[in-house]
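In the two complexes that follow, subunit A is the common piece, with subunit B as its partner first and subunit C second.
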Partner chain A sequence: MSGERLLNFAIRYGFLILLIGMVLFFSFAANGFASPRSAVFVLQSVAITGILALGVTCTLVVDGFDLSIGAVATSALMLSAYSMVILEQSAFTAIVLCLLMGAFVGLVNGILIVKFRVPDLLATLGMMFLLIGLQRIPTQGNSIATGMSLSADSVAEGVFSPAFLWLGRHRFDLVIERLVPVPVVIFLVIALAIWAFLSLTRHGRLMYAIGSNERAAALVGTPVSRYKIAAYMISGVTASIGGILLAARLGRGDIASGTNLLLDSVAAALIGFAVLGAARPNAFGTVVGALFVGILLQGMTMMNAPYYTQDFVKGAVLVVALVFTFYLSSRRGAGGKV
Partner chain B sequence: MLRRELMKLACATGLAFGTGGLALAQDAPAPFDNPQDVTIALVRYLSTGDFFQAYLSGVEEQAKALGVELRVLDSRQDAALQADMVDQAIALGVDGIIIQHGLTESMKAAAQRAVDADIDVVAFDVDVENDSIPQIEQSDYLLGKLALEQAIKDNGDSFTAGYVYVPGIAPLDRRDVAWEEVKKANPGITEAATFGTLDNPIANSVANQARSVMQANPNINVVFAPYDEFAKGVKIAVDEAGLNQDIDIYSADVSTADISAMREPDSAWVATVATNPAVVGRVSVRALALLMAGENVGEQVVVPPTLITQDFLNENDIKNMDDLSAKMPQFANADVATAEWIPVPGK
Partner chain C sequence: MAKALEISGLEKSFGRNHVLRGIDLVLRSREVTVLMGANGAGKSTLVKVICGYHSADGGSLELAGEPFHPQDAADAISKGVVTVHQSIDDGVIPDLDVANNLMLDRLAKPGSGLFVRERKMRREARRIAESMGLHLDVTARVADLEVADRQMIAIARAMVGDPKLLILDEPTSSLSATEADRLFSLIDRLRDQGVAILYISHRMSDIRRIADRIVTMRDGAVSGVFEADNLDYEGAVTAMLGHRMTEVDIDPVAVDTPILQLNDIVLRQGAAPIDASFHDGEVVAITGLLGSGKTRLAEILFGLAEPLAGRLRLDGKPYAPRSAREAVSSGVFMSPKDRAANAVIGAFDIADNMTLPFLEAFSRLSFVKTRAQRNAADGMIDRIGVVCQSAEDGIGTLSGGNQQKAMIARWLLKPCRALLLDEPFQGVDIGARRDIGRHIRQTAKGRTTIVFVAEIDEALEIADRIVILNEGAVAGEHINRDIDLTRMVAEVSGQQDAA
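Right after this comes the complex of A and B.
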């Protein structure tokens, strides 16, 4: 009997205990780790992947998957740079364009999956390649920066507007001056919003219902297609927000495939399954998952660990988390997602 | 000097009539006396990114100036496909091939097949282990060396350094040789931390790492980041930490975006060393043309790098790569693999 209670305890709190243990370890082992600034770095380094991960969580909830988020983010990065530097538009226009682009990509993904019955992985994989190519067409594969030569002896005169850069670079005072960067605040706000949406509203619960049994949900009158499309649109919009913040931090339109953004955010969402023994996608778990990876990487960098050990550890964490989710939860009898 | 101007004029006229350098054809050796019958192929391994884009534009410019036809075969980092593409070029009956990057193991045999088919071949930044194939190189070793010499000039021979490095990437490995050498020669230089990642977008991932490194090692005053994406990342971290007065960044490579980053007020990025990728592209074509005309270009054709300091950029109000080429002639044109009969593209 006590064995079972121990198991339940391990499933529920194992991951959080691991997280606290890791923080304690690095506080002693890594010089300068235990400080408010250091904590903020962790948050900042996971803010962008965290935002993407929250979007992918929504698609996981309806039993879907979105492989295009990394490409949406880098497309938003290029689009914001293009509209400000080459078209010389305001920050507001750039942001609106990016959000619309994200929503539109999500809509197309959703329609491909719901109406044309393309499997989710394949539809979003196609979209990923399409976007990686598309974002390079306007500049013939070049990165965008002020002063770049355009055709016919003209030079790109536009600049990243200060209001836009503020999004990536400004820091709010919190006890210490200039402590909390804007992306961290946006990350936390989105996390709260998605958590509230998924666990407190009727819409969120219907989305979980679709995820666990689509047919049953449809039979009781849920507009399944609409909710699925909505999930992909949320994912597209959050990914474009991630891209906007990335552009604001970099201050230029960098050519990038976004593959690492995709992998890191999917890892965060999957690790999230294991948090509190939820065994299903959830916003709180995703945030903890992202933090977990962020703290690990920050601590290891401070201890001078080379990059390949970091990939190794990231992979190990993911595997352990998946074992938590699928094996331990199935033994508990409550059953996981499957 | 006058002669060069005349040649440019002649070349420009030739281009204007769409016959590309025909005006010069009479004194060009075979096969360039009939350039329209000459086809060369560029077989690429790497193509994504500003450097490779600029390299390609250099190849295109020089091919156009010579009046030859250029075929671009792009394997997009597929080593096996790149080798197949060399065979494809042989089948197409091209007269010359430029192999741009690739892996020694996969390209060695393919390059030999091209040589056996009586095709002239040059290789850029890949060693195909073949005596009849000249190597075009932008000297990565010198790139690192010049940047570090500037660091020592600015900071004296003892400082605490952060070093950004990812092993296993050929140009970075060659730049690393310079770093190891300089460290050995100057015991006053301490390497407080080595970090680096190629996670995409690189600048963002490196910025995250650099933040942690600077937090853990507040005594770092020089960062050697011998790749511009690394330097960008470090600069973001330095700005975020408000340390831009305390840390100097030395890097390699340059682009328009890099120039604006170096010229930001109080920028920590004080110097970079670079070869102009477009020039490297032109040199590749010129070396191939010389080889096809039966001239000896030697085993190695090295395009020398140029030191670009923040002060120089500010003094000359340089805003982009074109300004840089205009103000820095040694950057705009390398006096390498030239001949009277080869027109130099440009304004």
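Right after this comes the complex of A and C.
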């Protein structure tokens, strides 16, 4: 039947076609949109949210949710600034501290959820508040920058090391000089790794099994608790990488930045459900979801749409994606392959 | 007798799979029509079209002489067509309590008032439950109940709506004999009240008890109608399978090496301890009523529960698994009962479902070898006879019985020391049951196989030896050769002393 085939086609490719259509539209309508620089700009603007979104995708796969990613990222931002500017540590130490912090937060989230049976939303919401509060205590709620006064007669003398700033600001040459920023490369590498992990390895397969029927997964001998904790740890680590990159771009411990990170990355992961008709969390979809939002905002900016319409547009995209995912695929019926 | 529902020329396809190929069928009031058919014949699909869940591709339905095109399940219910589906969780809302579940249709009815009056609702729910012989706490969460109770609630819910046509799709597959009896007397009562009933089952004992008329389906078409007082059950089975059913002929194997040993295992407070050995190459059936301790014993052997006292030995060595994981890695496999809750991964295709316990063996450096996985699944699909288009079909597109076959196949993929099958034939048709039984017996060498079944027929078809449990203790044991059935039945019901 052609009706059914059309529906299947719409579910599978609808969102990608929408994406291509949008790129074509902006290429004609917005001057300078179709250029390598603008493409890289889009990538750069989605790199950090994309990295966070890939982490949250892993928790969605085991039928969990991580609301603390935004707070982990801003904590990493503050922690890296604190360790370099106030404790005068090296870039390497700062990065290791941040990654450990992310892994530890993920571990605590996982243990709260698995061992203490706190529902995922509540556990990670609690963790979010805790971290937002905690990152303000050492500096009494102030941002961290070289030269800030610490007590009556001393100022912070440490600096963001050049090696650290390189992470956020260096651009590799690719055909054009100084084209591809480091965060974009890191984003693509993480995306590839998480995609391979989730869809090609047995660990990923077992995590999807846990998300679909936890009891059944446990009864075939899957160490369910371990995988769930691992998912939250992955999410914590990726969030802290996002925070490090943010710190490296800003070059200071800005207490007020990163407010949109949580919602943007969750949106990207949810939009990802619609890509290729997967109807489930998946890394490829998450990347496409992040790009979709990035391209849309970049195109609108270049067409001089006012900044305050951005959230509205993001919301509209999210709703369309969810309709693609849930309404259309519910009409098709159940089941499918990973 | 009045025609309740007339179905003519009904067609339904899923993609290229032509499932219903012109069904003509009349259901009459005051009559129980039993619908028989092999797994995947299209019974549940027919039911889902009648109750408004799927739309038909062709043909027509007439309800009491009027054209009937249900838009959805609610529409069908409001016209008096009430259905209890094969998968129970379609019939209950697990997160709500019993009272809310029983009264749900009333809550959903327009004009039923804005505020829920808890007290009144509970009283009403208790009345309904009691009228069905259900004695349970109406404030309990449905998710916390046993499957059998959940099934009874799904059925009770269907009763609330005052049906004209009641459809029951394999309602007894997870009920024990006593509960099934309660259901049957309820059906008798409804039949006397003038309700037309369509009853789907693979259990011959149900069919003998309840059928006024048998309709058989094969490959999406009606293949036989058997009426009158003298129902030809054998003819019906032949018509549904397309050939005569093969006889099972069991020649109990001689046993020597014990694999799994139970030493003084106590299942429950006050029950006599159990001593037993299960040998290489042997298939043992453990049977008993609901609550006899079958499931408990299976859980202990698989590391999900601990015995009150006693020890287990596997291959002569102490065996004390603390989780399913430990059991599986010691070579003890279990296919649990109630596949929807305990076994099926709804998001996966057949191949991923089958190979799930052995993903490690099907991967290199953690990367899953898709080809090897597919090949293994295809082999099992052929051997067990799973009706599907390919190994890449979503498990949810399979018929209930075929899902069950896939779940058994899962544990036959790799060799093991002890294979535990808890109610392996839930929803499997008679023909396939024999085929699977034969396969299990043929591959029995090298392991010990323990099958937990409530139906004595099933035990007799597969086992070399039958152990009967009653109240947590062994009530009898028989080699499967010239068995004294009366004595066995007495042992099952715990009356052997009186006999």
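By our rule, the second predicted complex is superposed on the first by the 330 of 338 C-alpha atoms of A that agree within 3 Å, B and C clash if a C-alpha of one lies under 4 Å from a C-alpha of the other, contacts with A are read in each partner's own complex, and residues count from 1 in each chain.
Operating definition for what follows: a contact is a pair of C-beta atoms (placed from the backbone, for glycine too) under 8 Å apart; a residue touches a chain by one contact, two chains touch by 3 or more.
This one's a predicted model, so the numbers in the text were calculated from it and none came from an experiment.
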Margin query: Clash or fit: subunit B against subunit C, after overlaying the two structures on subunit A?
Written below: fit
Check: Between subunit B (first) and subunit C (second), which does A:Arg280 come into contact with in this model arrangement: first, second, both, or neither?
Finding: second
Margin query: With the two complexes overlaid on chain A, check the angle at subunit A between subunit B and subunit C, Cα centres, nearest 10°.
Written below: 140
Margin query: Can you tell me whether subunit B or subunit C touches more residues on subunit A?
Written below: B
Margin query: Looking at A:Val155 after the superposition, I want to know if it touches subunit B, subunit C, both of them or none. Which is it: first, second, both, neither?
Written below: first
Next item on the list: Would you sort A:Gly64 into first (subunit B), second (subunit C), both or neither based on which partner it touches?
Entry: neither
Next item on the list: Could you say whether A:Gly50 touches subunit B, subunit C, both of them, or neither, answering first, second, both or neither?
Entry: neither
Next item on the list: Quick one: minimum Cα-Cα distance, subunit B versus subunit C, in the superposed arrangement, integer Å.
Entry: 31
Check: Which subunit A residues qualify as touching subunit C in the complex?
Finding: 1, 4, 200-203, 205-206, 208-209, 211-213, 215-223, 280, 333-338
Check: Given the complex with subunit B, which residues does subunit A contribute to the contact?
Finding: 30-33, 35, 37-38, 41, 44-45, 48, 74, 77, 140-149, 155, 169, 178, 181, 246, 249-252, 254-261, 297-298, 301-304, 306-307, 310
Item checked: Residues on subunit B engaged by subunit A in the complex (per definition of touch) -> 47-50, 53, 166, 193-205, 207-209, 211-213, 215-218, 232, 236, 239-240, 242, 255-257, 259-261, 319-322
Notebook entry, point to check: What part of subunit C is in contact with subunit A in the complex they form?
Noted result: 13-15, 323-325, 327-329, 334, 336, 341-349, 352, 356-357, 359-360, 362-363, 366-368, 392-397, 410
